[in-house]
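Would you mind keeping the following structure in view while I ask a few things?
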């Protein structure tokens, strides 16, 4: 897809493109294909995980802050090399994809997510819920996140925020 | 959209319209734009929140019962003016939108929802899950709920049912 | 729909067909229309529920294993006749439907699910989350599962896995 094609998609087709994007994105993470995760972002992307309270007050403090695709790659390397945490599975559910409008060729979209954590020999529990606030562009023929801010509802920072959301 | 357009949408396009409607609806509530919430309903709407046990047995008892858009507006005023409850965030996930058929220009649709509650300084927990049983019409050029019944799976009425579902 | 129609659906229309299928499937189960559930499967289907650890290691042990539609029917008979367990409601949320490709007329698709359990006089809790790994075909004019493997994230087998996922 070209940027021009993207920009002129009718709303219903645009919704389907976004559904495919979010499905692929969470599928990639849920299946722990972490090395593929940075490819969902542009080179100069912004990726943040931030508590809603901070986000709404405009406070700069973020739980995660990656200011380029290179940072994302570093994160993955760190995840793969670190083993100080207990093994766990994260499952992400996405809902309520909303198209918020265009700035040039950049689409602003939002979606709700719920993430579940399962530790070995423990039952699954709700881990983190919140909203994706995304800027989406076409790059290299596919949809990519130029910006992805994961705004989570809790004020508690989960100390087990090891994997991306 | 006109009622005639709505009534004649092919099934796949109808599904996309409903996905957009439910996304906008839960987005509105999750972002706490409560003043916009009544606009998703017709003037003479019926909005109910009811335990599944009561619903299936045909018992009239409802946890919430609003018999017009005016009631919904009153609810919002009450929410905004009341501060006897602890601040909390609710996040709603919607899934499994099902088209159940038409009665004239009224579409019956169902969807499953899961709502999560986050109190300040607490972890997120599952709050309420259930099914939307909706009657949808076109009014003023957009889709609106003529009837929305939130049938929740629990028999326990959450005492913190402060915000709409 | 014919197999030929199915095979040649454009990606966006295929996605909508799958969304309708998963919505109908979970709706059928959530509304406890269990007798309709086997009709979502081909006669010689494979239906399995298996812990992710076992699945990824290729271990054969499954929590449920039904090797034909007849087995599914037997399951339902057993559910309806058994009353040794406490009454409960299960609600299923589906997300991230991914189209993985074709082998002849068989479509491989995946989706994430989260199931919630509500016992009478108890609050709703997360019950089981995981991934559907499905083989889908056209049979008798509608989409059916030739294979459905429910791979759940936990290593703990919920002793209350009474109803299908």
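Each chain gets a letter, A, B and C, in the order it is written, and its residues are counted from 1.
Rule of thumb we're sticking to: a residue touches a chain if its C-beta (ideal position, glycine included) is under 8 Å from a C-beta of that chain, and two chains touch if they have at least 3 such contacts.
What you see is a predicted model, and the numbers here were worked out from it, not measured in a lab.
**Q** Which chains make contact with chain B and with chain C at once?
**A** Both chain B and chain C are touched by A, going by the contact rule given at the top.
**Q** Quick one: superpose chain A on chain B by CA and send over the rotation angle as a multiple of 5°.
**A** Roughly 120 degrees of rotation.
**Q** Can you work out the whole-Å distance between the CA centroids of chain A and chain C?
**A** 27
**Q** Do you know which chain B residues sit against two or more other chains?
**A** Residues 16, 19, 93, 95, 114, 126.
**Q** How about chain A: which of its residues touch chain B in the complex?
**A** 11-12, 15-16, 52, 93, 95-98, 110, 112, 114, 126-131, 153-156, 158
**Q** Using the touch definition up top, name the residues of chain C that touch chain B in the complex.
**A** Residues 13, 16-17, 19-20, 22-24, 26-27, 30-31, 89, 91-95, 114, 116, 118, 120-126 of chain C touch chain B in their complex.
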